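Multiple structures follow.
Each of the next two complexes has chain A plus one other chain: chain B in the first, chain C in the second.
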Partner chain A sequence: MELIVFIFLAVWLVLSVVGAIIVKNPVHSILFFLSSVLATAGIFLSLGAELIAGLQLIIYAVAIVVFYVLVITTIPWEKIKKFEGIYLGEFLVGLPFIIISVIFIALLINKYDISSIPVKVEITDNVTRVGKTLFTYYLFPFEVASVILLIAMIGAILLGRKEE
Partner chain B sequence: MTLEKAYIVLGFLVFFLGLFGAIIRKNLITILICTEIMLTGANIILVTVDSILKGTDAQIMSLFVLTVAAAEVAIGLGLVMAIFRLKGYEGSSEITHLRD
Partner chain C sequence: MIIDVLIALGKIAVVLLVGLGLGAYLTWVERKVAGHIQARMGPSVVGPFGLFQPIADGVKLVTKESIIPRGADVPVYYLALILALVPSFLIFSVVPFGPSFTVFGREIKPIISDVNIGLLIVFAMGSIAVYGTIFAGWASNSKYAFIGSLRKAAVIVSYEVVLGFAVLGVILIAGSLSTVEIVNSQIEKGIWYIVYQPVAFILYLFCMLAESGRVPFDIQEAEAELVTGYNVEYGGMRFGLFPLAEWYLNVVGLSAIAVVLFFGGWSGPHIFGPLSPYIWFLVKTFALVFFTLWLHWTLPRFQAKDITDIAWKILLPIALLNVVVTAFVVYLFS
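Then we have the complex of A and B:
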């Protein structure tokens, strides 16, 4: 059963990602990316990480995708038709590099024995464990993340204002 | 190959497909989308490792990756819009000020 779920989600994810990097129109590309985000949330659920799956749906599928679509609608696409599509030379050079890299990494991962790793078993559910760890051991990085978001907001406002 | 290893290989495949897209696409916005795909691949690997170890640390790392992705898309799209408004560029081959 787990194998069937994995094969379904993996085929869905890889097809969405390939579609997102191949199609010409940026709006179609962002829709393929939305499909890949949904597949990723399914993968997180099947791995038992419910909190990250929910955050993936909330942050990516709602906030980031809507932001992309809003920005795409403000650009007049008739003027810049020549920048749709892909560079053919880079495509032909990059494709063997990607294939060889993935094959070698897969061979390396296959060689490693993961059953020898010691595992600490806890009985509480995923959200409780992540929340407890996040607000005890990772409290300071959590606060720093809010500062990162604040600086990003200030930067976006500075970049987006009109020049005098 | 067990199922967890297959998930890790899937994460690497998604990461490299995103890198490939960032290399080959002409449009600046689709290059940003490919960066998001790379971050998604990294998240898949982190959560898979956590599911192997039955821990929580890597999930918290992937939560920070989500934060950085949100900050990156705000700054990146702001930069793309500023470049387009000030110069009229929308392709990655037009931005050659540092090269010339």
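Then we have the complex of A and C:
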């Protein structure tokens, strides 16, 4: 049963990631991306990481992707660059990077057995555990991260402000 | 194993069928309420008290010609329907309709899935519904529809934040995100959380109206300026699905969650025999639904810029203050 669920979610995830890369219409691409985020949330849920699944849905699938969607759907369609056939030159430049990253990933898979199917964790108090660790052991990094986010937010507000 | 799957499927089927039927009959309720508020009769011709009106409406919607506008993005045009309807149904997956009971030695919980993150699911589904609106507006290739969908996106993004912080107060007191646990903790303490969290409840009401696109927050469909906004290019039953999801299923779902959070869920005196928990739950839920309809047909509409102003400048500071005060009180007295 768990294997069926995992295979379903994994195929869904891989298909939507591939789709996000190969479709030409940016709105279709963002829809495939949204679908991949939902599939990831499903995988977290099936592995017992309920809190992360919920946060994936709220923060990733909604709070972040909705801004991509807002920007992409409001682009004036007459002005975007049209597709001009296969980008051969760009592909050749990118080829070494692709080969190197494939080699690295292959090495990782060989060394640390990350290719096996993940196992479900039997924890029921996800929320309590994450909260305790976050506010005791990782308190300083957590606070630093929130200050960085605050600075970024103030910067964005400053940039978006209308001149008076 | 197989029996568990069958029970789960049975629950899903019941919720789906009841949800769709309810959606249809809430149109009748809404038109009756609206009629009486405006000193009219409402539907009264088809059947006794106009009770067959939803069926006639359904037949009309299904048999109507529905056209796809020129220049529309056809796959996204259809996908928007699914994206609008499915999240509204998924809210019901974490609504506990009553206490668990046993049939033939097997414990049955009247909730589709009692997950630990029940409330997170509610927030997530409430906000994922925004994609239905945005893509419906975009795929229709129409300026009116698109303006409506952008307005809705702005409303949802702002009110989702307020909703999260408003509900945090209740979560702090109950100590759980699971809907069943929250109801149980209210029954144990013998008090409804609206007594502890009246501010949170008022904030929740604002957010409920905003998320379900009800007056005074229905700027995305503002009939006078946007000719019903994001769904203007849809016809027939495809058009009917949007109000069904947004106006009816969302309102009922969020009212049920409000009952769980603030009104003690299924708790109430046992005056209806064994069915009383369910009856209490439905009575409380539909009292809130009626309140929403009442507001819808009484109040005027806010301006688009006022709505986001209210959320960020007034409601969010109040919600944050409420969370801080609640946290202090819970820390001191527990």
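Following the convention adopted for this analysis, the second predicted complex is superposed on the first by the 116 of 164 C-alpha atoms of A that agree within 3 Å, B and C clash if a C-alpha of one lies under 4 Å from a C-alpha of the other, contacts with A are read in each partner's own complex, and residues count from 1 in each chain.
To be clear about the criterion, contacts are C-beta pairs under 8 Å (C-beta built on N, C-alpha and C of every residue); 3 or more make two chains touch, one makes a residue touch a chain.
Worth saying up front: this structure is predicted, and the values here are computed from it rather than measured.
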| item | value |
| --- | --- |
| Which of chain B and chain C A:Ala152 touches, first, second, both or neither | first |
| First, second, both or neither for A:Ile98, with chain B first and chain C second | first |
| Which of chain B and chain C A:Leu55 touches, first, second, both or neither | both |
| Partner contacting more residues of chain A (chain B vs chain C) | B |
| First (chain B), second (chain C), both or neither touched by A:Thr73 | second |
| First, second, both or neither for A:Leu34, with chain B first and chain C second | second |
| Set of chain A residues, in rising order, touched by both chain B and chain C | 51, 55, 63, 74, 126 |
| Residues of chain B that touch chain A when the two form their complex | 1-10, 12-14, 16-21, 23-27, 29-30, 32-34, 36-37, 40, 43-44, 47-48, 50-57, 59-60, 62-64, 66-75, 77-82, 84, 86, 90-91, 93 |
| Contact footprint of chain A on chain C as seen in their complex | 1, 73, 75-76, 79, 115-117, 120-121, 123-124, 127-128, 130-131, 134-135, 138, 146, 150, 153, 156-157, 160, 164, 177 |
| Of chain A, residues touching chain C in the complex | 1, 25, 27-28, 31, 34, 50-51, 53-55, 57-58, 61-63, 66, 69-70, 73-74, 124-127 |
| Touching residues on chain A, where the partner in the complex is chain B | 2-3, 6, 10, 13-14, 17-18, 20-21, 26, 29-30, 33, 36-37, 40, 43-44, 47-49, 51-52, 55-56, 59-60, 63-64, 67-68, 71-72, 74-75, 80, 82-87, 90-91, 94-95, 98, 101-102, 105-106, 109-110, 114, 117, 119-122, 126, 129-130, 132-134, 138, 141, 145, 148-149, 151-153, 155-156, 159-160, 163 |
